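We call the chains A, B, C and D, going by the order they appear; numbering starts again at 1 in every chain.
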Amino acid sequence: MSNEQDESGEVFGIARIRKLMELLREFDLNEIDLQDAAQRIRLKRGGIPMVSAMSATGMIPASSAAATSTTKSEDDKNAVFIKSPMVGSFYSRPKPDQPSFVKVGDVVAPETVVCIVEAMKMFNEIPAGISGKIVEVYVKDGDAVDVNKPLFKLAV
Amino acid sequence: MSNEQDESGEVFGIARIRKLMELLREFDLNEIDLQDAAQRIRLKRGGIPMVSAMSATGMIPASSAAATSTTKSEDDKNAVFIKSPMVGSFYSRPKPDQPSFVKVGDVVAPETVVCIVEAMKMFNEIPAGISGKIVEVYVKDGDAVDVNKPLFKLAV
Amino acid sequence: MYNRILIANRGEIALRIIRACREMGIETVAIYSEGDRGSKYLEFADETFCVGGPKSADSYLRIDQIISAAEVGNVEAVHPGYGFLSENAHFNEVCRDCNIDFIGPTPQAMLMLGDKNTARALARKAKVPVVPGSDGLIEDEASALRVAHEIGFPVLVKATAGGGGRGMRVAANDLSLKTALQQAAAEAQAAFGNAGVYIEKFVEHPRHVEVQMMADHHGNIVHLFERDCSTQRRHQKLIEESPSPSIPKSVRKSLCEAAVRLIQMANYTNAGTVEFIVDRDNNFYFIEVNARIQVEHPVTEMVTGIDLIQQQIRIAAGEKLPFRQKDIECKGFAIECRINAEDPTKGFQPSPGRIESIFVPGGLGVRFDSHVHAGYTVPPHYDSMIGKLIVHQPTRNGAIRCMLRALSELKISGIKTTADFHRKVLSHVDFAEGRIDTGWVERNLMGKN
Amino acid sequence: MYNRILIANRGEIALRIIRACREMGIETVAIYSEGDRGSKYLEFADETFCVGGPKSADSYLRIDQIISAAEVGNVEAVHPGYGFLSENAHFNEVCRDCNIDFIGPTPQAMLMLGDKNTARALARKAKVPVVPGSDGLIEDEASALRVAHEIGFPVLVKATAGGGGRGMRVAANDLSLKTALQQAAAEAQAAFGNAGVYIEKFVEHPRHVEVQMMADHHGNIVHLFERDCSTQRRHQKLIEESPSPSIPKSVRKSLCEAAVRLIQMANYTNAGTVEFIVDRDNNFYFIEVNARIQVEHPVTEMVTGIDLIQQQIRIAAGEKLPFRQKDIECKGFAIECRINAEDPTKGFQPSPGRIESIFVPGGLGVRFDSHVHAGYTVPPHYDSMIGKLIVHQPTRNGAIRCMLRALSELKISGIKTTADFHRKVLSHVDFAEGRIDTGWVERNLMGKN
């Protein structure tokens, strides 16, 4: 259909290069280097493997069934986020007159309750799901949160 | 007709290089290095300059002002095209019963008439505009031609 | 009127509803799955909530998450679109229990019409012709055979809870009927958790004609004329048009009047569609009611000039219909082609992926309702429809030519689409002459008989 | 009917004409400059010819190359679109000499109406009100002063061959009139090669209302109602609508009838527009005739349902108008916003360049006529208009809200456009209440008085 397919026989053909890049990514390679006499195609990717960038720190894989905590590489490699598993309203404390479940600087274990998300009049206690130290809180009492909304940033 | 087709003839076409850069970004690569004999496109990211397109052979720039003949890099570096300066009908010979102005293998000087383009009942003699040897004729008697349509390929 | 509405859907119909709301000055809350995160149409909503993972069951079918979003998002009503939860009476009820209006019929009307057998009984009561059949669920093989001999073979075995061709079998004689009964019941049990089946006369080469209905909460009922959706492949509509090119005026009138009687009998409110099949002698038979807005609603909008989504919202909010039957005109001819991300050369297999480039057709009488754009990735998790190309012209021939022109402009690279397939159908003399029945595509374009 | 037409234009109007032809089954030959080589809309033509370099003078204005393309391309007619050669009587004549129909009026009618002074005389003859003025070219300063004193200051000095505000000056007293005469004559000489000027009463805060005309070669003349194009910036139309929101019914009727009288008097054929200004007391005065299709023709198409380009072609081919005046209805309200590649925050300077991404608005009653798409590069050589966003709704308020909605969806990155500027205008109470005159934009949105 497209012109790109037509030119794919050529070293400088965009369609071929895109295909190679897709393969590079699919198989998580660092480099492809093809040579045939005078022709050469060489594609390189960052020194560190792309997806394993954060696995060195022994984090919970993003594919864990519970959305409670998933990982994300942002400014620092050791940051992990506790994310909301549901849509609802965020509350940092069990009752208005009681202290917060956690605050910045607290160390949490996977089973530590870090907040409540109210959904359909139900108060759902949210466990940290991972061990670490709270370094930032992203939401305020009463804030609307949705699925996978980052609530806390943890250093692990 | 599309941009991609236009670029496909030329290794260093801006559109192609833009595409490559987009791919570099999309797939988060550090380097693309394409070589074909003397031609090479190398794109790098991070710290090193991004584009270094180079050509081992001294090519004629494509931006010559006159439309009559401009150059284009295709399979061989020394090819030049004689292009139609106007819209009309192509004729290879002065009259139907006479021989062609030129044929493959002929050597032409800039002032050599190579064909006639008939436009609005006028027969316009088209000079080669450049010296060289005819290696290919792209059009047949009576063909419609438009501005910048390649008529002859010359080896110079 | 509402200040804020949640849209419990995705893709083009979510965008369609956002558009209607924006024109009415109503704020919108959109929900999305992880599979749709970052979609551009979400930017047109006032607030968005991620309700779960890419799979429909994890997001667009999660009543709990959607209701939470409606509550946290502080909306007064929910528009369910089509598909997903749109005909889920439980969701409908939960919305109302939470004091959120459901933009659609009442749960009662939905339940009554959702069961085909009940709907059929209702139709008979309303003197709406139904296909001769078992008049109730089949209890055993013997009674099935008796009914079949009464109405004559071939017969159709259908699941009472069915839809989309599932739990449906044709039988030409006693033997095949026995097999069909078992297969249909098993399939229905698996698909719908309800093994009930009934028998109908099998109408050969039927046309599919449906009537768009609209009823408010003040007893006003109007029809917005019919749509012909006979161009189907495996019971999936491909092309819809209004008016129907193949039914005489008198039949059209009876058809529309029958639909009004049924909707009235069901105490049905809001938008709905009464579906009929029409046989070769222009006898029409009621099939079912779709208790929601339909994919193909734009063809009706084009010929009547009425914004159906806006009307749905107005009705739900308690407004009276602003027109009476005599005010509604059917002007010109509208055709819709569903543009699916499918490869017609490979058995219409889904073709999800990134749209590298797209040229959107324009010009007089052309409408393209779609949420896609160059750079959009069609996710593999949902229906393959990526847009609807609709035309409206003073003559049917003009509409066909306009559609052919627009289809040829709709150039999409990166994925395969059904655009070229539609051109084949529209270029065919049978389409021009209104000779399409629901089996026509398979017989003529799929290399089958 | 023609088999093959050449389109002597580019961009959106070339595409518009290609669309009309395709729907009529007419083959198209498109021409293009090197600046437009590779544009996607050219793929929709049956044959294309490059007629020269990017500059208009080297390509779209090259009569010789275009005629050659018409001959080599074997067409029977040429559609000139708007701008470029569309009102060039010489080109018109050359086409006819070469036995190629020019889709537009005769060269005679074009010449007669192209000269403002002749047109004005004709209007008076047809009892069409004209702005009080010199009734002919100004021969010397003394006669100019005499006329000015007769009709009263302020007066307008205008070039007889002028257009687009060039060769035009306002004078408030004797002194400024003397300067204005010299300046206007010099400017007109430079721009049009004709220093002839005349004087008119300067109408303050005028609205611009024009009537779309259509006349065949069999003596049938109809008007297709008016367009209000008062939203202008420096005499450039920004927004057009039909019907006009600000003139009473009786004025509208007189206006349209006056336009018919003028067109009849001029023996004018094909599509044309009679432009008027309307003062605060709803007195209207003839300004000029545009002897071509206009940019803003789609608003008329939306309210009448008539395809003006197709009608132009039919008329040129000798067909009779298929409708009479009484058959033409003006239904609903249509608005058009010109989407220009300009930066409103920088004095509307052109913003050519590559369109990185674009979301094309859709939905009921929305039309986007444009040749651009993601990846298209807006060339710097031509008019900055890249598309026209048109809406059609049953009420004017509905049309405004629909346009606001559609404008907000029209997200274009890579270049700057006027889309957001239009939102400012359409959100303004003066627009809602039809209080826009041709100086409104400058007074209210440009920080000037």
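Of note:
In this text, a contact is a pair of C-beta atoms (placed from the backbone, for glycine too) under 8 Å apart; a residue touches a chain by one contact, two chains touch by 3 or more.
Being a predicted model, the structure only gives us computed values, none of them experimental.
Think of each touching pair as a link: the shortest run of links from chain B to chain D has 1 of them.
With centres computed as the average of Cα coordinates, no chain lies farther from chain C than B.
Chain A and chain C have CA centres that are 38 Å apart.
Between chain B and chain C the centroid-to-centroid distance comes to 54 Å (mean Cα coordinates, whole Å).
Chain C and chain D have centres, each the mean of its CA atoms, that are 43 Å apart.
In chain C, no residue touches two or more other chains. The residues of chain B that reach two or more other chains are 2, 5, listed in rising order.
If the chains shown are joined wherever they touch, the resulting network closes on itself as one ring, and no chain has more or fewer than two partners. By the document's touch criterion, interfaces exist between A-B, A-C, B-D, C-D.
Residues 2, 4-5, 8, 11, 16, 19-20, 23, 26-37, 39, 41 of chain B touch chain A in their complex. Looking at the complex, you find that chain C touches chain A at residues 34, 47-53, 59, 64-69, 71-73, 98, 356, 413, 416.
Taken in their complex, chain B has these residues touching chain D: 1-3, 5-6, 67, 86-89, 119-120, 144-149.
Touching chain B in their complex are the following residues of chain A: 2-4, 7, 10-12, 14, 17-18, 21-22, 24-25, 38-46, 50.
Interface residues of chain C, counted against chain D in their complex, comprise 16, 19, 22-25, 40, 43-44, 298, 301-302, 305, 307, 332, 357-360, 362-364, 366-370, 373-375, 394, 398, 401-402, 404-405, 408-409, 411.
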